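Note that chain A is present in both complexes that follow, paired respectively with chain B and with chain C.
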Partner chain A sequence: MTSTIENNEVVVLKPEKKEPLGVFFWVCVGWLGVNLLAAIFANFLPIWGPQDSNNYVDLNTGPSFSHLLGTDDLGRDILSRIIYGARVSLGVSFGAMFLAFFIGGIFGMYAAYRRGKLDLILTSVSLVFLAFPSIIAVIAVLSFWTPRSILKITIVIAVTSIPLVYRVIRAATLSAATKDYVLAAKIQGATDRRIMTKELLPNILPTAVSFVMIGIASVIVVEGSLAFLGLSTNVTTPSWGNMINESRSVMQVNPWLVLFPSLAMCLLILSLNFIGDRIRSYYDVSEVKL
Partner chain B sequence: MIKYLGRRVIALAVILTIVSFGSFSLIHLLPGDIATVILGTGNTPANRIALYKQLGLDKGLFSQYFTWLGNIFQLNFGNSFIDGTSVSTTIGTALPIDFEMILISQVMAFAIAIPLAMKAAKKPNGLFDRIATGTSFTMLSVPPFIFIVLLVLVVSINLQIPGTGPASFVTFGQDPFHNLVSLVLPSIVLGIGSTVVYFRVLRSDLVSTLQEEFITMARSKGLTRRRIMWRHAFRPSSIALLGTAGLNIGGLIAGGFIVEYLMQIPGIGYMLILAINKSDFLLVQGIVMTIATLIVLLNFLIDFLFGIIDPRITRD
Partner chain C sequence: MSSSPILVVKNLTTTFITGRGRLPAVGGVSFELNADETLGIVGESGSGKTVLSRTIMGLQPRSNVELGGSVQLLGHEIVHASEDELRTIWGTEVSMVFQDPMTSLNPVMTIGKQISESLRVRLGMSKADAKVRAIDLLKLVGIPSAEERYDAYPTQLSGGMRQRVVIAIALSCSPQLLLADEPTTGLDVTIQAQILNLIEELKSKEKMAVILVTHDLGVVATRTDRIIVMYAGRIVEMGRTRDVFFNHRMPYTRALLESTPKVSNPSHTRLITIPGRPPDLYNLDGGCAFAPRCAYATDQCRQEAPSLQEANSDGHLFACWNPLPVGTSPLNQQNSNEPNGASNEQ
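Right, the complex of A and B next:
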């Protein structure tokens, strides 16, 4: 993944009064919600179809009332293509992170709780994989594993993210597992499963959520890069990466075509990063050192 | 120190073995008969025999691996069956371009990030810190491929500055001046990306370092602020910076591809993409192996530097 996740910072460990999450945080959450809803209900929105072209009449128009964000070089509505394109970005990124957390998270929690040989083996394996740049692995595997589909892209990105997720969740669980309330639960005779789901899980949730947000933002960038390389979805499927990539050739004629999908992508990434960052500092999750 | 390095060397050997096996296995992901797919348009009986000999395809998997590894040790990645050039020559001409771009962008990143972080960390949450942190956070959300496209739109197309657009690359040997001009935009994109990351890491590390007792001690001795910042705070904080720089430069070797591709700079990343598009699988395999090895070696170098800056790390 990209540098957003890999470069962890050391957070200042000074007990402070809790700052409220702030207005901007909720604006970001709202924006994420708008993106998700638009992507899910794209079919029901009063917009043009993503492939509708008005008999090649309105080509490369700027923003107007009939086409709020203008049209592209084939006369297709940009707003509609951005909304349908969100499906690819959000689908791949949410899917990949869900999968990576499901597998990496379970292993990370279990290893940190049980320790011992399994922990040692899994941790060494994850270190080896982290030494290898995941984007190269993604490109390499996708270029050999044809024909490509959204499902395959999601799986490949998810699998390459597992080592990092494992490290983060393991470290978060480790610090929670040594707390007195876990000991108290153990003394009361709680089962391992109960301790993991009722005591540990709620306490590592803030870390997980904050990391999921930043992870989703990184996957959106990765998917966009893949689109530029022609390794993502079919070019006829609208996706933000595809749109920015295609519009390069008509950039002089119609700069809107580059600007709007870029803006959509940057704003969503900004929101995700900000949400992740605020949750992290709100719950005072001191950064996990990898 | 020697024991520390020894452990690192063992880890290095293990990782390189795994990386090489991973790169080797890539061609086995290909659907159908490997030889037919690799040969592609260059499919002649003579080529087929050559490929079988080179990859040891008629032997078992492990024997194939050792044949391949033996060739790699002699820097022989084989010849491309698409255009007949040797893979190691292609890699050899492409890599220096990447090194040049990384050098320029990193000099730029450190020159901007270090003074900014120092100034911001002096007064955490002060006006300067807020502006710098806010800006860096926003910049973090602009993917490199959007940044480069927008820069080209403004600089090369609207301002029409010659020699900065895509496909204007010339090698340093041909024309040093135009070479540097053509690398300005890509270096800015890579450089700003690194600057943002370095600034954030160094700033937050400095803020916590400045709360340490040895800083109070230095202050009470009456040392100047400048001396405290550079001598007492920067050195311990530079560990975090160095670790990040290692990851980041490794990321640039691999991640600069998108900028290279868009600007058509024939670096290793661009070569990788061309190779993928031409289905030149041996070249892809060679490049993946080269990049991975470079990154692993870089990490090793960083570990070594850690030991020099902070000798405590080498004691376990």
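Right, the complex of A and C next:
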């Protein structure tokens, strides 16, 4: 018998039917999109200016037709201030996560791929930083680094997020880097850089994207807390955190003032968390049914 | 038809430095491989066969490993070569097929891209040329409707198909030596035979040498020219396949042969196992590593390690103080089926 190749083994599986992302996922993406667009194009929206307080007639009104979400105790439009406040929240959170992933992600991938002493040192340093509550570090730095600006806040939050990002990316890379396909690419002559960008990066991308979403959500909370403590932008720039802080004193008179910025923050964080979670489970290979 | 050796391994040692001490995973291995040869390396788990094949590839990490001796592959010295030097050899002169096709393909890259990548990077082919060649390679390893499969992801293929893709990647830059490290362990039995036949077929088509690493003697029986039997990181017997099967002298080779289940046995036959456990490589005393498990062991075996000696002029070597008599292989006895052997012993 000649050694021909029998084709009876040929089983080509149909691409697995994945559970669709779902309506709620797209609602969340839509909400994030609305927030982003509103923040970017706030200047062009047919809304009051965030500092338009020349109207002393309408103070602490509830929602009405002229002021959809009402006004605060200086007569400023709440909707407008929330939209302009989104600029701070989204700007700081996206900026900080981008920076943290750029630095922490590269170090995490490199350490996990190369291992050795560099990995040991970076991992030890990251553990030391993680053992220290980062919010205290952020408060300490921002108390002295004045005058505060959005850029400074972004940098401080980014730096304190790097150790966590490093840990997550390192772990994701580690599980991919020990697979035989990395070795297989290597013995076909692929360089380390090629292996990292072409073989490893696509494998850790789902983890990274979902962690970015959750990271952004948590930075929004951190920025909100800082603003509440008066450590974020100064009062002339509205942010969700300092809106809540300012309206504390008139809460009994006008509860809308606390409610709307809190609701804006809550809905955005919920959307981000849900998006991150769905992306992770959608691309998780281990959950694919065989 | 014999030609000059393409691989010369001389007194190769691989020692891992671990927290528990020094672990001599491969100790003093020497052999040669000719260009048109298929060599089988057999041994049970932990015998050092995988470490040996990875050391030959130059894949041992630089830290915590001590390498000694020499590996000459087509004139290149592998031991202590830098990764940049090795990168010029990998793929084009030596390549490797891994054990588990489930993990040796990148799950997020199409198989076509995985094959054409190395063609484009190593051989500088254009995108279109690489695709044509990749489809040819897929056809060569027997994947039907290769044009359509080119864009398939690994999860869309069965285990046997994936191993064929792995082989196609390994062959993409026409290596002269293919190292197959247990290439059929992750596959079921009918597909094992197909993959082994494929490797054999490609060996003669592509004119390369093959090293087949396995724990399964059945795999190497009909497909190799020579066999190396390893135990505790050392070669204990080496020779032409026929000699190792029918005229082996080392009791460990016998034990391995006897512990292979046979279809011809009546059902409920108790499988013969090798008593004891593989040796603790951290604490090898001076004697033969197999002595504690060997029925023929004497005091000399426990005190002094035997070195390889010639059994015949055909390159059949064994390391044993009390070798088995020639021609007493259980395979011979099955054929003759005479009860003489048993009565003589009485």
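Things to note:
Note that in this section the second predicted complex is superposed on the first by the 265 of 290 C-alpha atoms of A that agree within 3 Å, B and C clash if a C-alpha of one lies under 4 Å from a C-alpha of the other, contacts with A are read in each partner's own complex, and residues count from 1 in each chain.
Everything that follows uses one rule, which is that a residue touches a chain if its C-beta (ideal position, glycine included) is under 8 Å from a C-beta of that chain, and two chains touch if they have at least 3 such contacts.
Bear in mind that the values here come from a model prediction, so they are computed numbers and not experimental data.
In the superposed model, A:198 lies in contact with chain C only, and not with chain B.
When the two complexes are overlaid on their common chain A, residue A:179 makes contact with chain C while staying clear of chain B.
Counting the residues of chain A touched by each of chain B and chain C gives the higher count for B.
Look at A:231: by the touch rule set out above, it reaches chain B but stays clear of chain C. When the two complexes are overlaid on their common chain A, residue A:187 makes contact with chain C while staying clear of chain B. Once the two complexes are laid over each other on the shared chain, residue contacts for A:23 go to neither chain B nor chain C. Looking at the shared chain after the overlay, A:270 reaches chain B, while chain C stays out of its contact range. Taken together, the two structures place residues 3, 6-7, 9-14 of chain A in contact with chain B in one case and with chain C in the other.
Listed in rising order, the residues of chain C touching chain A in the complex are 57, 59, 63, 87-88, 90-92, 94-96, 98-100, 103-109, 117-118, 121-122, 142-144, 149, 152-153, 155-158, 160-161, 166, 169-170, 172-173, 190-191, 194, 197-198, 200-201. Contacts from chain A toward chain B in the complex involve residues 2-4, 6-7, 9-14, 128, 131-133, 135-137, 139-141, 143-146, 217, 220-221, 224-225, 228-231, 241, 244, 248, 251-252, 255, 258, 262, 265-267, 269-270, 273-274, 277.
Put simply, chain B touches chain A in their complex at residues 14-15, 18-19, 22-23, 26-27, 29-31, 124, 137-138, 140-143, 145-146, 149-150, 152-153, 157, 193, 197, 200-201, 204-205, 207-208, 211, 240, 244, 247-248, 250-251, 253-255, 257-258, 261-262, 272-273, 276-277, 281, 284, 288, 291-292, 295-296, 299. Of all residues in chain A, only 3, 5-7, 9-16, 116, 179-181, 183-191, 194, 198-199, 202-203, 285, 288 touch chain C in the complex they form.
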